[in-house]
Amino acid sequence: MPLPERRYVITFGCPDRTGIVARISSFLAEHGGWIVEAAYHTDPATNWFFTRQEVRADSLPFDVEELRTRFAEVARELGAHPGSWRVADSGERRRVVILVSKEGHCLYDLLGRVASHELDVDVAAVIGNHADLAGITRAHGIPFHHLPFPANDPEGKAAAFAQLRQLVDGHRPHAVVLARFMQILPPELCAAWAGRALNIHHSFLPSFVGARPYHQARSRGVKLVGATCHYVTADLDQGPIVEQDVIRVDHTDSVNDMVRKGRDIEKVVLSRGLRWHLEDRVLVHGNQTVIF
Amino acid sequence: MPLPERRYVITFGCPDRTGIVARISSFLAEHGGWIVEAAYHTDPATNWFFTRQEVRADSLPFDVEELRTRFAEVARELGAHPGSWRVADSGERRRVVILVSKEGHCLYDLLGRVASHELDVDVAAVIGNHADLAGITRAHGIPFHHLPFPANDPEGKAAAFAQLRQLVDGHRPHAVVLARFMQILPPELCAAWAGRALNIHHSFLPSFVGARPYHQARSRGVKLVGATCHYVTADLDQGPIVEQDVIRVDHTDSVNDMVRKGRDIEKVVLSRGLRWHLEDRVLVHGNQTVIF
Amino acid sequence: MPLPERRYVITFGCPDRTGIVARISSFLAEHGGWIVEAAYHTDPATNWFFTRQEVRADSLPFDVEELRTRFAEVARELGAHPGSWRVADSGERRRVVILVSKEGHCLYDLLGRVASHELDVDVAAVIGNHADLAGITRAHGIPFHHLPFPANDPEGKAAAFAQLRQLVDGHRPHAVVLARFMQILPPELCAAWAGRALNIHHSFLPSFVGARPYHQARSRGVKLVGATCHYVTADLDQGPIVEQDVIRVDHTDSVNDMVRKGRDIEKVVLSRGLRWHLEDRVLVHGNQTVIF
Amino acid sequence: MPLPERRYVITFGCPDRTGIVARISSFLAEHGGWIVEAAYHTDPATNWFFTRQEVRADSLPFDVEELRTRFAEVARELGAHPGSWRVADSGERRRVVILVSKEGHCLYDLLGRVASHELDVDVAAVIGNHADLAGITRAHGIPFHHLPFPANDPEGKAAAFAQLRQLVDGHRPHAVVLARFMQILPPELCAAWAGRALNIHHSFLPSFVGARPYHQARSRGVKLVGATCHYVTADLDQGPIVEQDVIRVDHTDSVNDMVRKGRDIEKVVLSRGLRWHLEDRVLVHGNQTVIF
């Protein structure tokens, strides 16, 4: 599969008014920018405007830094604040750190996608609070760190989280993926990785928050089970939802059957969410997401 | 479409043990019973056995009353209590009463299915706390009763519910369908119609219990909305779930769009649940359902 | 439900090049046009650019005719030919003519959507080659024409099609809906109604073209059945696809069960396709569609 | 996850008549057989009866060989021929051989399921006509055989197939999985592996038989793409279908995007089909399958 040509991706939000599209597209047009993909959205409830534009890098007469500098001017004009826009460069390879525990289905799935170049990213490291998944990780040529989180030992746990942060931040990852990592991140880590930490929760949120969602689902007698990929925030399982999906179950399905069927959904939901995040397709707005 | 031949439907539950299938099928075989469809299930958690058997009426040398008498003996032997089995006769036409408010999509859908003989039932009456849907109901040749439920008038409301009960019970319906009926049934009506009153709730329960679920869904930023058909119990939106389904939404969908998309799901989920109920395919077990 | 404010909808296609978005959005911006919704797409295989723009009518200082005149200039500049762009006015009420035969599920469904204002259109007439659906049509206050198509009588059939064309064209409809109309339109009608005649085919095309698709599906042993809404062309069941969906079936489903399950899919697929068509969301490009 | 207790699985088909269920269940009951799961089906079109029964091994006073001998008597009585029934023993570990080419997504997926014990089978060998997937296979501790199939060399190809047959048959596998194996099996291999060779085809059959189905799908403009798991027969892509599923695509999806989205469907469809096959849940009847 040939790599697509290098692109700059502008994601942008500002209060809605007339002329925004004209201003941005004229800015690009006057420099010869070739827009490969463009999407717009306005949220009437909050009167907020969103756009994402993919521009061929070789169509512009300057580099990404110059594009950022010049676009900052346009953004200022349109009333955007510095945190509400970004210019990404597809030429910069995406780095991902994956956090795991014992359950391997999401990790196996991600590693398979990376190995077959479907997800064209660098997995900088896999970090597990158990060592079960060290073998498969290293078979893919990826470093695995075993970092135990002692139960009933708040100080030990805090130390482990500090070490986790150091390990992760050393890679400056574009995404920290909690691939069925069973530890709840402390608020300071949620804050440090805000907008970059993606969790897969094994239920169709807001149903069945917290532990053992398949047991909760079985006990409520639902006819579908699901999975939710969301950004991690300090409120457990309450962060902005990136993607969800469901699969049908029935009375013949034990909790174990639900777990098995649900895994297929967890895997695709997490990989879709991660892909969209890494392609700068996800714009967070309050507790909601716009997916371009 | 030729009508299927007349059938007796046995639904049966008892504590699990070996030999139940042999006992029931031998009983049928020794009288020449031709089993058209048979399903079995055991719930390991509660050790309960379930079965549903459809037998051609003309294959048995006696009528449904005699079948009931003779099968009672088998049931007793197998430790079933009187409430845990039933013999239904497909020759007895099913009667349905539908309760509505102002929103017509579920009613239109049901009336269309009845008129095209897809749902081969008698709609004995439609009862609305508003009169909006009187016209379409009567155009189908079905009586419509307008029965207002005064707000902020407990006595008036209680009188309306008493009248509702009288109206409904006069038809001895096999199903009371709450087709977006916006009144909460009082506990005594829930008890009187237990196992016969089917509600359609416009969310994927247990998410978004209660009022304005699509507003709740929009505000939580979910990526799918759904609908749930469940038996009505005294606990609001907590009854045994018969059927659920979902449809994808995204950031471009306003609450009104979600309402519109959700309606298509409400309609099919309600009609599926009602069909299964009327064909004696739903066995309630605690707060769960077995759908044969 | 409050009606959304009046809007002008520009749909536009031209050979791709840089600066198209800038040109169109600048044109709108310089007249104060408030873009409510905008979508863009480029097909790399044919190097064709597509856009759809919804503009608030009250934001422009002129009426729709003037908008057409002025936009024609922009279109010419961008190399679009007269047939590849259009300006629609949401203030002009959409007229629909529905063609039926004996099977009523799609008609019941459409009439219910219209009656509940979900589809806010005028059904100018329903025309059937059988009279079975006259009653329900007239109960909705809509004229029904019974127009028999004699079998084995080519002249009689040609006369019937001529009369059909006259009846339909008299209403100048925005859409001619073949809601399980069982007659194959002659090429001259396909040509006359090109881009306006929508058919619902009861299979997931290109599987099971032609007659009795559910029988074909049962005989092939497929595990899903579907439906396809497409524009009618002179090649039977080969026109551009607007929407498709499927539903699961299994070995317990007879052909009749497949027919019943499939109807639920036919109804939603047709109504979605019709809505998108009437909202000018469907751009045909060769034998493919862009759905904005 | 605790292993379920050992079970004997009876799959059985015979011409329908009254008393079959009674005969089989009485046979089991008189030996104390504890039926864990039972399913029945009658195909009215061919008047054929099907059943599958899971019995706890420890509930019977004899071993699987004795069960086969005794059940053969029952089968004879009921008019079943030797090929239309079978008794499998869950205590016998399932062996699988996987055939691959260059594309790894299905192999990665299967290996992940095996490694996480979701699919509790022995992968005896992976055989590839290219060596690309040797590394990941061996990392899982599974032998990989590289067996090139020379193009434009009928004799060389025939020799390769002969070697393939020898390699595969040496493992006496319960399933031969064509996990995107790009070679068409010659008729004698189809015959030798009849009912055991499972292929994953990357389209929703019968649409898009043969090569490059995603290209065909893109060119036809379909709105969903799918995958089909079927038994291999001498007629290309015409064998009995075990499982199918679909995923939505739209005009923004290039062929490459369709390939990527379709892979997620291929993986789950193949793994579901393989699981059902290995659990003796698939009964082939003509060109159709009953899935219990």
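A, B, C and D label the chains in the order they appear, each numbered from 1.
To be clear about the criterion, a contact is a pair of C-beta atoms (placed from the backbone, for glycine too) under 8 Å apart; a residue touches a chain by one contact, two chains touch by 3 or more.
Keep in mind that what you see is a predicted model, and the values were worked out from it rather than measured.
With every chain reduced to the mean of its CA atoms, the largest distance from chain B is reached by A.
Chain A and chain C have centres, each the mean of its CA atoms, that are 37 Å apart.
Inter-chain spacing, taken between the CA centroids of chain A and chain B, is 42 Å.
Among the residues of chain D, those in touch with two or more other chains are 37, 252.
Chain contacts in this assembly form a complete graph, since each chain touches every other chain. On chain A, the positions that touch chain D within their shared complex are 1, 37, 103-105, 108-109, 111-113, 115-116, 118, 136, 139-140, 252, 256, 260, 263-264, 268, 271. Against chain B, the residues of chain D that register as touching in their complex are 18-19, 21-23, 25-26, 28-30, 32-40, 42, 59, 248.
Residues 41, 43-44, 204-208, 220-224, 226, 240-241, 243-246, 250-252, 254, 287-291 of chain D are the ones touching chain C in the complex.
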